[in-house]
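Each of the next two complexes has chain A plus one more chain, namely chain B in the first and chain C in the second.
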Partner chain A sequence: MMYVVFIMSVLYVVGFIGFSSKPSPVYGGMSLVVSGGLGCGIVMSSGGSFLGLVVFLVYLGGMMVVFGYTIAMATEEYPETWGSNVVVLSAFLVGLLMEVFMVMWLFSGEHELVGFYFSGLEGLMVLGEGGFEYVREDYSGGASLYSYGFWFLAMAGWMLFVSIFITIEVTRKRY
Partner chain B sequence: MNPLALSLILTTLLAGTLITMMSSHWLTAWMGLEMNMLTMIPILMKTTNPRSTEAATKYFMTQAMASMMLMMALTINLMYSGQWSITKMTNPVASNMALMALMTKLGSAPFHFWVPEVTQGVELTPGMILLTWQKLAPLSLLYQMATYTNTNLIYLSGLLSILIGGWGGLNQTQLRKILAYSSISHMGWMLIILPFNPTLTLLNLTIYIMLTLSIFMILTNTFTTSMSSLTLMWNKTPAMTIMLMTTLLSLGGLPPLSGFMPKWLMIHELTKNNSIIMPLTMAIMALLNMYFYMRLIYYSSLTILPSTNNMKMTWRFTNTKHTMTLPTLITLSNMLLPLTPMISMLE
Partner chain C sequence: MPYIYINIILAFVISLIGTLIYRSHLISSLLCLEGMILSLFTLNALLSLNINFALSTIVPLILLVFAACEAAVGLALLIIISNTYGLDYVQNLNLLQC
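This part shows the complex of A and B:
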């Protein structure tokens, strides 16, 4: 069971390599969806089921959907995929090779493993002690954004507002 | 730009830096840096040519990468120490990564490659904001992190910055690139003194900002961006030409002007700590900077290139550019040296 988190994080990185090798955004968006889903799985297996579902809903279900529609409007006739261009394919293979080397290095056993203790989730938890809280951490974190952390919320909302102005300014017609 | 959008963006730029400077929690500091980066992009793209779009893209790419590294550093710090305070980054991995990220944001070597290209690609006013205001937030974070930083990395980056700032500026004729390399060099001086006496970093930052603001405002008022336009400045505004000369000498660190104050105090502090070779190397490399400032002074004030006689008498048009804070800045950037004992107010 503990290996599932590890496999998910390896596939997460492979998904990142998939869009970092720069195929067309159609395929990059698909790779981002895969990575997003796996990241959500990693968050959920650390106990944050609420926040994982928020990632699915808002990130994948909101932002990626809008991204997908805009890409569909702006796509070209022969989009570049991983196999069509030797540059994209070799970038993908180099990234994959680096990831394989890293996994092999991690399991070579000559050093102290950084957080991958497969006996339990203790190495991955931040505060170390475990134990049971009366309130689930992810729910109380999301709620405290609206109570103690309302200035964080105000700044986040302000930045979303300003980023619309920035986007309009950047995409204004340039003669 | 639409005045409402411009005022919104400038307010958020101000707010981003202030949030970073006022924060003791890493997350709010990172948030302020992101606000800075995002709102700087439309300011860099105010002109409508592809050159400024390219400059804004380069700026965004490098600063986003630096923010990513900073986020990774602070989560590694959280994993090993369980707390978010800026002043106690005890884990060396986190401290080194945060240092490299902040050095990229400042534009010190070996992460300096974006500074000349971005500064050259934009107009003088966004370039001025880039080289002065954008240094405040990362340096305030470095000031708080100063005790746990890796001194080897700081000395390496600082010395390399002074060298690259000196040698890189030697072959330039465009004034914005010269000021960019000058910025890289001054960041090097500010970084080196950080483990010894962070107050002198702040002093150097203050004086550097005053000097750079003066020079940029003089250049903006006379519409000069290259060395060939500098040769015609004596005709339009002789007073500003003289002031450019003294301000450039101050930027190079020549006594009795104010630019000498930070360099003198820094060399004094370094020698008090039994470090002789490094301040010697730094002082000698500052002469490279002085060489190209002298070249600018030679072509603007000390020489009048051959021209026809009717070019020597110009019709004096009224100046339409605002010169509101320029006399104060020029006075401050030239005559602050006798006030050196007042640096105790910065402690």
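This part shows the complex of A and C:
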């Protein structure tokens, strides 16, 4: 279980290959949800529980739900999956082969150009488990959006508000 | 730790290639665009947490807001195309208008 974060990042890349090989968008959306969950796990392993929650709530629970409804609206009768079409399957296998070669290259020894040893545990320990820290970085960073980053907040809020009007006018073909 | 960064940057490049190559559906390219945003978010969040610079955790949050607006506009264009042509096949888009 030492390399669990590395395995999660490899499965993250495999999920990306899964929707990048362009099956029917129903299966692509499913693969993106799986990759989003694994990305949340990777972020949380570095101690960022707030940002992992943001991924699940805002990204998967907000944007992917809207995508799911739109895909359900614009889909076809026989969706093609990874096994039903030879183009999709070969793209997926080429990507998978590339990832396997990269992992084998990474494990084949120490490289002079990187200079980091993989068996060092400083990247794999979870921060904040000792109970001695007084500041959670991601919570205080997210809270500083409202104090130091007030102009970010104002611009982002205004942009979201304007994009509603943009969406309405574009859908009405008045661009 | 840098090996995890390599995997996430690789995921960005893979979904970038997926955005640029069209197959039958237009919404698959929008889905690959969302994948690009997800990999950028993960990379930004990991970097902010690992250099212990708490103020830069604003960056992934603002990135997600911009990504939501972009997805909204992209889906609105997809809706017009689907209203005109019935499906979002890329081969239907030969008039240079929605």
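Quick note on the criterion: the second predicted complex is superposed on the first by the 133 of 175 C-alpha atoms of A that agree within 3 Å, B and C clash if a C-alpha of one lies under 4 Å from a C-alpha of the other, contacts with A are read in each partner's own complex, and residues count from 1 in each chain.
In the analysis below, a contact is a pair of C-beta atoms (placed from the backbone, for glycine too) under 8 Å apart; a residue touches a chain by one contact, two chains touch by 3 or more.
Quick caveat, the model's predicted, so the values are computed rather than measured.
**Q** If we overlay the two complexes on their shared chain A, which of chain B and chain C does A:Glu77 touch? Say first, second, both or neither.
**A** The answer is neither, since A:Glu77 touches no partner chain.
**Q** Does the superposition put A:Ile166 against chain B (first), chain C (second), both, or neither?
**A** In the superposed model, A:Ile166 contacts both chain B and chain C.
**Q** Let me test your reading of the model: by the given contact rule, A:Trp158 touches which partner, first (chain B), second (chain C), both or neither?
**A** In the superposed model, A:Trp158 contacts chain B only, not chain C.
**Q** Return first, second, both or neither, reflecting whether A:Arg174 touches chain B, chain C, both chains, or no partner chain.
**A** first
**Q** Counting touched residues of chain A, say whether chain B or chain C comes out ahead.
**A** C
**Q** Identify the partner contact of A:Val54: answer first if only chain B is touched, second if only chain C is, both if each is, neither if none is.
**A** The answer is second: A:Val54 touches chain C but not chain B.
**Q** Just to be sure I follow: which residues of chain A are touched by chain B in one complex and then by chain C in the other one?
**A** 127, 152, 159, 163, 166, 170
**Q** Which bits of chain A are touching chain B when the two form their complex?
**A** Contact set of chain A toward chain B: 115, 126-128, 152, 155, 158-159, 162-163, 165-166, 168-170, 174-175.
**Q** Tell me, which parts of chain B touch chain A in their complex?
**A** 1, 5, 8-9, 12, 15, 19, 27-28, 31, 34-35, 38-39, 41-42, 45, 48-50, 53, 56, 78-79, 82
**Q** What residues on chain A touch chain C, complex-wise?
**A** So the residues of chain A touching chain C come out as 5-6, 9-10, 12-13, 16-17, 19-22, 24-25, 28-29, 32, 35-36, 39, 42-43, 46-48, 50-51, 54-55, 58-59, 62-64, 66-67, 70-71, 73-74, 76, 87, 95, 99, 102, 106, 114, 116, 118, 122-124, 127, 135, 137-138, 140-142, 144-145, 148-149, 152, 156, 159-160, 163-164, 166-167, 170-171, 173.
**Q** For a test of understanding, state which residues of chain C touch chain A in their complex under the given definition.
**A** Interface residues on the chain C side: 1-4, 6-8, 10-11, 14-15, 17-18, 21, 23, 25, 27-28, 30-32, 34-35, 38-39, 41-42, 45-46, 48-50, 52, 54-58, 60-62, 64-69, 71-73, 75-80, 82, 87-88, 98.
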